[in-house]
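Note that chain A is present in both complexes that follow, paired respectively with chain B and with chain C.
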Partner chain A sequence: MKLKYSTRVLTLILSMLMVAGCATTPAKPTEAPTATPTEAAPIKVGLIAALGDVSGINGQNGALLAEKEINAAGGVLGRPLKVIVVDDEMTPEKGAAAVDKLATVDNVDAFVINSFSGVHMAQIPALKKYGKVTIVTGAASHLCEEAIGEDADWYFHLHSWDYMQGEGQKAAWQAFAEKYPDIMFKSVFMAYEEGAFGTASYQFSQKLFEDIATLSGESFKSAAMGGGDYSAVLEHAKAENPDCFTWVGYAADALPILEQAKSINFAPKFFVGAPPGWPPDFGESPLAEGVIAYEVWADALTEVSDISKSFYDGYVEMFGSGPDNYLAPLVYSAIHILVEGMERAGTIETEALIAALEQTEYKAPTMEVITFSPSKIISHQAPLTPMLTQYQGGKLEVIYPWDRATSELIYPFPAWEGR
Partner chain B sequence: MELPGVLKQRRNQYALACLFLVVLLILWKPSVLIYGVQRAGLYAAIAIPMALVLGVVGILNIAHGDFMMIGAYLAYWGNVLYGVDPLVAMIPVFVVMFVVGAVTYKTTIKKVLDAPEFSQLLLTFGLAMILEQLANLLWTSQPRKLHVDYASTSATIGPYSFGVFEFANAAIALLILITLVLFLSRTRTGQAALAVGQNPRGARLVGIDVERSYLLLFSLSIAIVSAIGGLFLVRHSIFPLVGGSYTMRSFALIAMAGIGNLPGILYCSLALGVAESLIISFKGYGGWADIVFFAFILLVILIRSYRERLT
Partner chain C sequence: MYATLALSWDMMFRSGQPGLSVAGFFGLGGYAAALSFLYWGVNPLVSIALGCLFSLLVAFILGLVILRIRGLYFSIATMSLSEIFRVIVMNWHRFTGGPSGKALPSAVFNGDSAKIFWLFLVLTLLTVIVSEIFERSRVHFALTSIRNNEIVAKSSGIDVFKYLVVVFALTSALQGMIGGAYAHSYAFISPEGSFNFNFVLLPVTMALFGGIHSTLGPIVGAVILGVVGEYLKLQLPYGHLLVYGVIIVIVILFLPKGIVGTAKERLKRKWATI
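And now, the complex of A and B:
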């Protein structure tokens, strides 16, 4: 029988690989090594994140930094900590399969979930099936809270629900109105992306802002969804001449919307952006000067908090640059909260661990003291206060809450000339 | 009453109707015309290279927009690493991607030229997936955007301030169209390619190197759309999936203009760009832009089909 040339080449390569594989297979140890605390079976935490997205990468980095610090400090309960990361590929079915894989194949002791709301919805039935302690750092949609229900005492939600974010923003602006009554805005125009995220934000804002300012708005197609032309919505905003212009979209919209606002010479007194994350070099653009952002993390926090600085320095040392968004400190905090809970409980047994986690008072790099209390439905929700930050001189400065402020507000939003 | 002789021709009637619309828009909503032309320029610049390869080689390249994305990333890194302006970067991107196009043709497209259309679609769909995932692996999904001063250059006429950079889209679309039309009609290579597009078997019989024409036009198409990436980068954020929606729009425009009708793409882009701008100029109707885009295309295709049946 005569083999084709390509078949012969393939067979040869496979044979060589097999030989190479055999040659490098290590011999089995003849004697089991004596177990030391760090060589004992690890405590396993399963992290599910979207590794194709920068949010997932940041979350993974935060977890790996926490793992490194915890193991360097002697591990947890005398055992090493092992974080097993599974990519949810931003698809619901993969996200749900990741829960099954971690629970049955890896047999993890707890979950940390950094998935988006759509993926998390699909994970909830599997999480309920296993009932392991779970800390969720993603999933802001209140629909996830409704799906989880009130009986899931093993479920700890670190990220704010969507309605809480609106309430936090309102509280921030009310505090601002008290401190700066003369410059506070009376009218707001909200440009929101036409998907569920933007539409829900606008609906919540309509209720929240009704006793602060008049609110009008219009949707636009985000660049992330194939759009990217904001000319019409900006023209409409300019025609209404609002004190405050807020856009709710994605990172891909951040700079183009500013460029187009400059093109039509639209410079309201407040220019606010509310994307889930900003482009990494957004601050370097001169157009970013004076833009206000809702944030949970800003590098500037390192100036006012040793905990923030320690986290930031560790992150830079391990990954070469600072975190791109708040999910790095959030997942980092989740791992530390989990481990501190295990230490307090003295066990990884679920009931004891839940009771211990309920006692959490964790000082996070975000300068928040994280505790758990009931939200509308679930019993373990961390209150994260959104910070008001502003791009100043290429840097994101904190302007509210007052105890974290690293700079004063620049008001009004600087004119476009010369930028 | 009889129409003057010059107006008896249908083409002149259309031209007069268009002129009337333009004057109406200038008087009523000049911003619609400005933004419409700007939108149309980008649509046409991206669609024309796709029309070239679909009209001559007969391949619907689903990865078309993804090649633009790759070109945009090359221009981005050219700026970040070597300080090359994205518009200047269009030239080296054109050269590099011409070679990439040639390699892509030789290693993949050539193999499915005689295969069923479904296989061709699957192949280019696979190419699109590979390019998107490659970009994701290399550069992550984080959107990237360059800041260049001229991106937000504006002009003011009366009460209207508007961006002028995006007129470059229309200028470049026009430049590409004129260059391609001249190339196809005035050069021997271009005429040969045109003959191949019309009748490959006949072209082969008269001694034209069909294979070479396919290779040239496919590579040229990839090079042009990738170079457009540099232009795109000036006003848009880029990320691995940014090109997908432009593939769809380009195909729709080609279907509307008629396969092989390069100048028709410019007219159709203008019509669609202005129609979209008109709709979104009314507050609260932004979401209708896509519906108008595809409904307009559907209408034109149906009318054309009806007229062909009548004749």
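And now, the complex of A and C:
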């Protein structure tokens, strides 16, 4: 039988793929040889982050700074530390493939994962397969917690879950209400991006804020997802005339929302934003003045904490400017926590390392003392108290908690005229 | 996965109709597979077949309506389908989990990557077989004549509408099938992930890169771009996507018939001179 040329080439390609499949079959990834490194061999930590996004770049920078500091101080267990970074490209399949690559090709000793929730969900089956110690600095969705389950003692979550963020924000506003009873808001309008992040935030806020203020809301399509027109949602918000307007979206929404709010002259008493990160140099826009942000990190913390200042100075020295968001100090902390755990355990063996990490009491640049305790499902969850911060004179100032405050609240949100 | 999507897109494009509903039926099949497994305990492999059938059924019904339009209008209509499916899934909170999506208790084959590789390879092979059947049967002549001149095709006795509906339903079924496998391999499904426009852009790019209107072209495009993408990521961790994009632009600019189309043409010319 004479085959067509194209059929022959196609058969060749498929045969090669089958050979590739056969080649992978006998070597079960879980049984991959755990090479005993020589004394000089580095201890390897695999970092997975979205390198096409400011959050991933900041996370990666935080890890590289920690790596530099640790190696300058003599490494870990007498060996150098090596952070291997893989881009998850913000897609689930690439994020899952990154876990496989780091575990089997690079043979890393532990993971630090800075991926978004949607990507992290796809990584979970692979992480369970390898069972290596993993510190997660991203992924806020409670679905990730459900998918991980209660048996994963190797899983340490540094970022707060979505339901915890709402609780932290509520606590912050309640403390604020006690200090400033005359200026507290009674009605809130929440504009939230229509995806999982925004919708979950709105759902949790509905329950949490019911005894503080009346809450209404409407979704919008984020500029990060191909949207960017907020006129309808802003008009509805203006019609309701709330004391507080909050938007939950991404960095790409920050300036357009303010521009469009200005164009319809919508200036509620509180203008709050809750993106995972802000655009670089956002504070330099005159529109940013008076905007309140939930944050875990602000450069201003360097004024009240030596640990924050040391981190910030090191970051500026290495990368030329300060971090754009909290993921830099968070991933930096994750690497230090991991290394301190290895030193306490005296080994990188999983069980001993887990036990040592459970003893963690790490003073982070975010001014949080990081310890691990159970959350709703997992057994190792760190606290992450959101700060209330406000853009004032081009700078992000901390206005709550009181022990970290670097400035007083500007109230009400300044009018749009003249900016 | 991308080879299957690229090939199924090309199979429809052989009729001259540039459909853009790949992500839509990929997501629909994924949801059908994941939800049937989650709510009714259907075996994962059977649920993938259910996702395939569900996509086929929906595409057949919708095809009866939208295949009366052609060209750019067809593209826009098919692209809208993906958006409509996404909006329905996002707002049907109780059943689909809404924007948060649904997590499955475990991945297919308990996440064994070797077995998952074989599953995807078998599904790709199935798509190749369907494509080759198209190539070697009267469907090939019907689609080619519809693409060349629909009026001539009609006057030659070809039932243009019937062929288009059948091909649209079958290619959508293949997309639904691979969507089901995708959902099961990661034990998670969400509207943002499954109806992502990347599932249209990448397969179309791969088909154009490899060469359209053949079985071989989209497969070659998907394999090369897949391998090159991963290789670049290893070599250039911080600029791989940029170089990847430049390679695609250069190949499509200088090899408009794709790699396979250009290679075939050159070989033909060479043989003609011998």
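In the analysis below, the second predicted complex is superposed on the first by the 380 of 419 C-alpha atoms of A that agree within 3 Å, B and C clash if a C-alpha of one lies under 4 Å from a C-alpha of the other, contacts with A are read in each partner's own complex, and residues count from 1 in each chain.
Everything that follows uses one rule, which is that a residue touches a chain if its C-beta (ideal position, glycine included) is under 8 Å from a C-beta of that chain, and two chains touch if they have at least 3 such contacts.
Fair warning: this is a prediction, and the values are worked out from it, not measured in the lab.
Looking at A:E361, would you say it contacts chain B, chain C, both, or neither? Reply first, second, both or neither.
Neither partner.
Determine, under the contact definition given at the top, whether A:V85 touches first (chain B), second (chain C), both, or neither.
After superposing on A, A:V85 lies in contact with chain C but is clear of chain B.
Check the residue A:E351 against both partner chains and state whether it touches chain B (first), chain C (second), both, or neither.
neither
Considering only touches as defined above, state whether A:G52 meets chain B (first), chain C (second), both or neither.
So A:G52 meets both chain B and chain C here.
Figure out whether A:K262 sits in contact with chain B (first) or chain C (second), or with both, or with neither.
The first partner, chain B, only.
Quick one: classify A:P279 as touching chain B (first), chain C (second), both or neither.
In the superposed model, A:P279 contacts chain B only, not chain C.
Considering only the touch criterion stated at the top, classify A:D151 as touching first (chain B), second (chain C), both, or neither.
After superposing on A, A:D151 lies clear of both chain B and chain C.
Is A:G195 touching the first partner chain B, the second partner chain C, both, or neither of them?
second
Touching chain B in one complex and chain C in the other: list those residues of chain A.
Looking at chain A, the two contact sets intersect at 52, 194, 225-226.
In the complex formed with chain A, which residues of chain C make contact?
1, 90, 98-101, 103, 106-107, 110-114, 117-118, 121, 124-125, 128, 132, 182, 186-188, 190-193, 196-198, 214-216, 219-220, 223, 230, 233, 237-238, 240-241, 260, 264, 267
Can you check the complex and tell me which residues of chain A touch chain C?
5-7, 9-10, 13-14, 17-18, 20-21, 24-25, 28-29, 51-52, 85-87, 89, 91-93, 96-97, 100, 118, 121-122, 124-126, 128-129, 141, 143, 146-147, 194-196, 198-200, 225-226
What does chain A use to touch chain B in their complex?
52-54, 57, 194, 218-221, 223-226, 228-229, 231-233, 235-236, 250-256, 258-260, 262-265, 279-281, 284-287, 324, 416
Which of the residues in chain B end up touching chain A in this complex?
31, 35, 39, 136, 140-145, 147, 151-154, 156, 161-165, 235-237, 239, 242, 244-246, 277, 280-281, 283-284, 286-287, 289-290
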